[in-house]
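Please find one structure pasted underneath; my questions will follow.
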Amino acid sequence: MTAVVVRNIERASAADVQAILPYGTATVHEAMGRTGLLAPYVRPIFDSARVCGTAVTVSCHPGDNLMIHAAIEVCRPGDVLVVTCTSPSTDGMFGELLAVSARAHGVVGLVIDAGVRDTQELTDMGFPVWAKAISAKGTVKATAGSVNVPVVCAGALVHPGDIILGDRDGVVCVPRALVGDIAERAAARVARETQTRARLAAGELGLDIYGLRAKLETLGVAYVDR
Amino acid sequence: MTAVVVRNIERASAADVQAILPYGTATVHEAMGRTGLLAPYVRPIFDSARVCGTAVTVSCHPGDNLMIHAAIEVCRPGDVLVVTCTSPSTDGMFGELLAVSARAHGVVGLVIDAGVRDTQELTDMGFPVWAKAISAKGTVKATAGSVNVPVVCAGALVHPGDIILGDRDGVVCVPRALVGDIAERAAARVARETQTRARLAAGELGLDIYGLRAKLETLGVAYVDR
Amino acid sequence: MTAVVVRNIERASAADVQAILPYGTATVHEAMGRTGLLAPYVRPIFDSARVCGTAVTVSCHPGDNLMIHAAIEVCRPGDVLVVTCTSPSTDGMFGELLAVSARAHGVVGLVIDAGVRDTQELTDMGFPVWAKAISAKGTVKATAGSVNVPVVCAGALVHPGDIILGDRDGVVCVPRALVGDIAERAAARVARETQTRARLAAGELGLDIYGLRAKLETLGVAYVDR
Amino acid sequence: MTAVVVRNIERASAADVQAILPYGTATVHEAMGRTGLLAPYVRPIFDSARVCGTAVTVSCHPGDNLMIHAAIEVCRPGDVLVVTCTSPSTDGMFGELLAVSARAHGVVGLVIDAGVRDTQELTDMGFPVWAKAISAKGTVKATAGSVNVPVVCAGALVHPGDIILGDRDGVVCVPRALVGDIAERAAARVARETQTRARLAAGELGLDIYGLRAKLETLGVAYVDR
Amino acid sequence: MTAVVVRNIERASAADVQAILPYGTATVHEAMGRTGLLAPYVRPIFDSARVCGTAVTVSCHPGDNLMIHAAIEVCRPGDVLVVTCTSPSTDGMFGELLAVSARAHGVVGLVIDAGVRDTQELTDMGFPVWAKAISAKGTVKATAGSVNVPVVCAGALVHPGDIILGDRDGVVCVPRALVGDIAERAAARVARETQTRARLAAGELGLDIYGLRAKLETLGVAYVDR
Amino acid sequence: MTAVVVRNIERASAADVQAILPYGTATVHEAMGRTGLLAPYVRPIFDSARVCGTAVTVSCHPGDNLMIHAAIEVCRPGDVLVVTCTSPSTDGMFGELLAVSARAHGVVGLVIDAGVRDTQELTDMGFPVWAKAISAKGTVKATAGSVNVPVVCAGALVHPGDIILGDRDGVVCVPRALVGDIAERAAARVARETQTRARLAAGELGLDIYGLRAKLETLGVAYVDR
């Protein structure tokens, strides 16, 4: 319950990150049994934004980015900052200068359950950001918070060191311990989808491929003609 | 009140679709006496998205896309899938595989009062989608619903076979029976606007062109100098 | 309390506009002591939208753009229309024809706490618009309102003649009387940031540059190792 | 597409109203196959509000209650006013004076997809109202609309003459033609629930009463001990 | 632009407060030409809450109630605290202890564009509060703000010393300078409504009392029989 | 990642529950360092609702209450059901019959990040419920979920067996392991507040009691006279 900065955390390995990297958030979230997804109000600030890295978590007071500064010090190359507030905020808690600083310490992206600013500069830098809002509203640096504690960000539980994967469809958090299993399932899913895609493109129906006709019948769905 | 799939519907004719195709949603909605518009929270997933086709309607349980699979079987070339849920959902109920399948059956676009995923792939395919949310959240295939019954989608009533027109400004539904009249009014409106545009560009005021000065006076609007 | 059109207003000078023009909304809002910002739900309709000009304010009935027509008559080159409604609306109260008319009278942009339509045409024209919604929904011209009275637009107080600065991060309103001071502070801020950026890029920490370590200690933030 | 007041409509009979009256909205909505419910943002202004009557529908311009005045003329004893706007509004479009007028013409309640005011007076009168908002915001009487046309109110399709049932849980619309069947199903449901209630109160589980254990097994839900 | 506490303000007189006190917010807002109303999301925490007093305004950082403490020192008997945040917050920035303190200094109520807590205790005290949210979330006391400067609260401009009237329908702000005129209009409105109420109760129609039939005809509203 | 029902969990002891029971949510949340609070959109369905018990957690598919039935079997006297959905829902997933069943198994209340129905019956039963919405919308029983796994409910992390405290101000979750410490802090806080209350009631200022004058000076807040 005390404000704390955890300096050293156990991170998913580089191999783990590489194992998740090839997949999209939809695939990985499915491979996880449809868990781990952040709420869809967290959106990328540019369409080509894509990131896969290890979470350094930050819990801030709304409208106060003090702890983001504290977090950057404990970041390592490949980290993704995952910032949440103790109550909802749309303030622009992160901008170009922080991105320059973060990048200097190896940070590869930001996920923030709040606002972001300098969006044109961030886009020009190619620094990927997923945020709840775009807002020029500035912040103070006055209130304590924590770094590298478990946080709830956009409705999803994120532990420090988990893998954060973000793309145009959203952001998913992969628990460190489960990476191997999930990567395997994701690969299997992609393989299966490649086959399915070909059959669907040829005109076969999902009803038949997935065996849904029996289900419709069981559910009592009636087929009628006008 | 039973879940039902209506196999064959009466669709607006290809000529009807051609009659509405040239116009924008704003023009058509005005020509309809400012009716027929879906709520503006339904947005295209890419700016150049444009569609004009005949509605195949789908009513789904939230977070369940079973009935979209059932709907594709009864689609014909030129159809637009119009999907709604029995209660609000932002889940990604439609993605690339369904788009491949839909396109294989001639579907030219999707309007969904819920979420969509694989947005980069859909954009690359040029498959136009209007959705309430972008979300990687996957769905189940467990609960009955209906296909080709009248639905309320994003606040607008859509009958199967109606014309669905979508562009960057939103989506409008044109009742099948009214197409001729509406196309005529739309054409007249465009013609009128061409003239008005020229006058406005030359500096004439809407106050004069539309005869609004008298109205302002009647309403008691006072002109004052500081 | 009567509906009124104020014909002539005192505007920020061209020199004032030039003084603010070089800065972004985040910088100017900070220079103003973090005031003057419109709520972030007002977003540009295209990413490169940028404007700096003098406010002509319009208060409309929801779903009624009569007073925008009245406002254009009193606009002068360099003005930005700032439109608000007496209660929330997402209707498309402004479109291409009004933009043609506004531009013919020198208007350089629009900020509207409501909806806008013809967004593709407005983008093609390069006419910058910040709006709460994109909606094809048309409006009537039936109810009185006011032009060039103080208005609250997206939560910010705007006086006629104030400077309106808009970019990808949002919109800020600079009170006419304060421009000189604000421009100076903005310049100082940019200069300071240039230095800070270099230090951050070199790996120095905000913790050190801004002297935040002492604050963290005062606040009782504990540093721990796992 | 023209604004119209339909003077005489076919209403559900008094017997139909009596048939639905005994049931709650949850029961009736279930009896309808989980259809017909208005969105839950439409809330009663006092907890004991309850109504069952025949719909007179009104489509208004936002912030404009002209057509409610027109509607009252065509109301008959037992009617419920169902008011919707062509775009979202929270304005107080209905208050005590209109309630006095409506009641003088036999109106037994109001459902409005907008705001209401004079809520203390309406509560004192015992006039039941379901609304989206409570707001003192006044309206104008300037724009045409329609009375007794099919409307979408809070996401549900309502035809003039349909039965409107409202209670603390919300509002449901029962299509005129289906009343008999629905009342029968509702009665059956209530009877079934009486039995189920007794079994549940005695400690039997829904899992057993509804036969859900097999379903859980089919779905692969695992039972584990910590 | 600097944080400031204005110690002494010019307040509406006790006579002014008495002049507005008898009326409801709907009446006063209408008497003001339908201006001055706060957004309807600001709701009383108990239905019988009613207040009329002079505004002491407070601008806070979100989640920080330091300036409310500063404000109480400059309050006088009959004041209403009007609290707003520099960006949206639902935190419980005010509770029972602050109410005890405020009441000790003569404060008669609170309007806050944020959250409030200890709602049961506040209700038991009979201390009227209008708030955006009810939340137990606590706040810090860390960031500067201002007292008795003009603020925008729930979308309405409030100057220190203005009259704040709150009831079950919402909150309206009456500018100090306009009280006399507004009280007169409110009285006239109430008198008019007394007459109108009697006529409506007797079955006369608003269509006739307000002369709306001609307007409907002008607007082209057609009366039809089914 | 598999759906699972954990049959036996470690619960906070009865003594723990008794230790937290006397306090309000605001006090406990403060004692926890301002953590543990659920989002304020979860509201009690009647004002006097109050609960303190041990969490049995349930994760459901939206619009599907199958797992609530599964959960009741593993409940014990003193438990509070904490229900969340895998994506947002306002459906009425819990009603009177489930309350009867839950109560028969000793359940003392419900917290649900979704809707609830039969609110009048639940109120009459005195069964306390905190919900996001009130909705008659019924649910299906078709999709797997989990019982007694850690869940995020209304933005807060809840582990099975944690203490759930609800009152008119909201809901707070107290981690099982921390109860002793938190109860102590809560008691200390209440004692402190009793003293502070008396001083505030006597007219002393929070500025002096909390020593805030120095802070205001440090922050540069200026005191001025008009």
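Here are a few things to note about the model shown:
A, B, C, D, E and F label the chains in the order they appear, each numbered from 1.
Convention: contacts are C-beta pairs under 8 Å (C-beta built on N, C-alpha and C of every residue); 3 or more make two chains touch, one makes a residue touch a chain.
Not measured: the values here are computed from a predicted model.
The interface at B-F recurs elsewhere; of C-D, C-E or A-F, the pair that shares more than half of its residue-numbered contact pairs is C-D.
Chain centres here are Cα averages; for chain B and chain D they lie 27 Å apart. Taking each chain's centre as the average of its CA atoms, chain D and chain E sit 31 Å apart.
Between chain A and chain E the centroid-to-centroid distance comes to 42 Å (mean Cα coordinates, whole Å).
Residues of chain B in contact with at least two other chains: 2-3, 34, 86, 88, 90, 135, 137, 142-143.
Chain contacts in this assembly follow no simple pattern; the graph is neither a line, a ring, a star nor complete. Chain pairs that touch one another are A-B, A-C, A-E, A-F, B-C, B-D, B-F, C-D, C-E, D-E, D-F, E-F.
Contact residues of chain A toward chain E in the complex are 61-64, 86-91, 135, 137, 140, 142-143.
Against chain A, in their complex, chain F makes its touches with residues 1-3, 32-35, 39, 86, 88, 150, 152, 155-157, 178, 181. If you check the complex, the residues on chain E that touch chain D are 24-26, 29-30, 34, 37, 40, 43, 47, 167-170, 172, 193, 196-197, 200-203, 205-207, 210, 212, 215-216, 219-226. Of all residues in chain C, only 2-10, 66, 69-70, 72-73, 90, 92, 95-98, 100-101, 103-105, 115, 117-120, 123, 133-138, 141-146 touch chain B in the complex they form.
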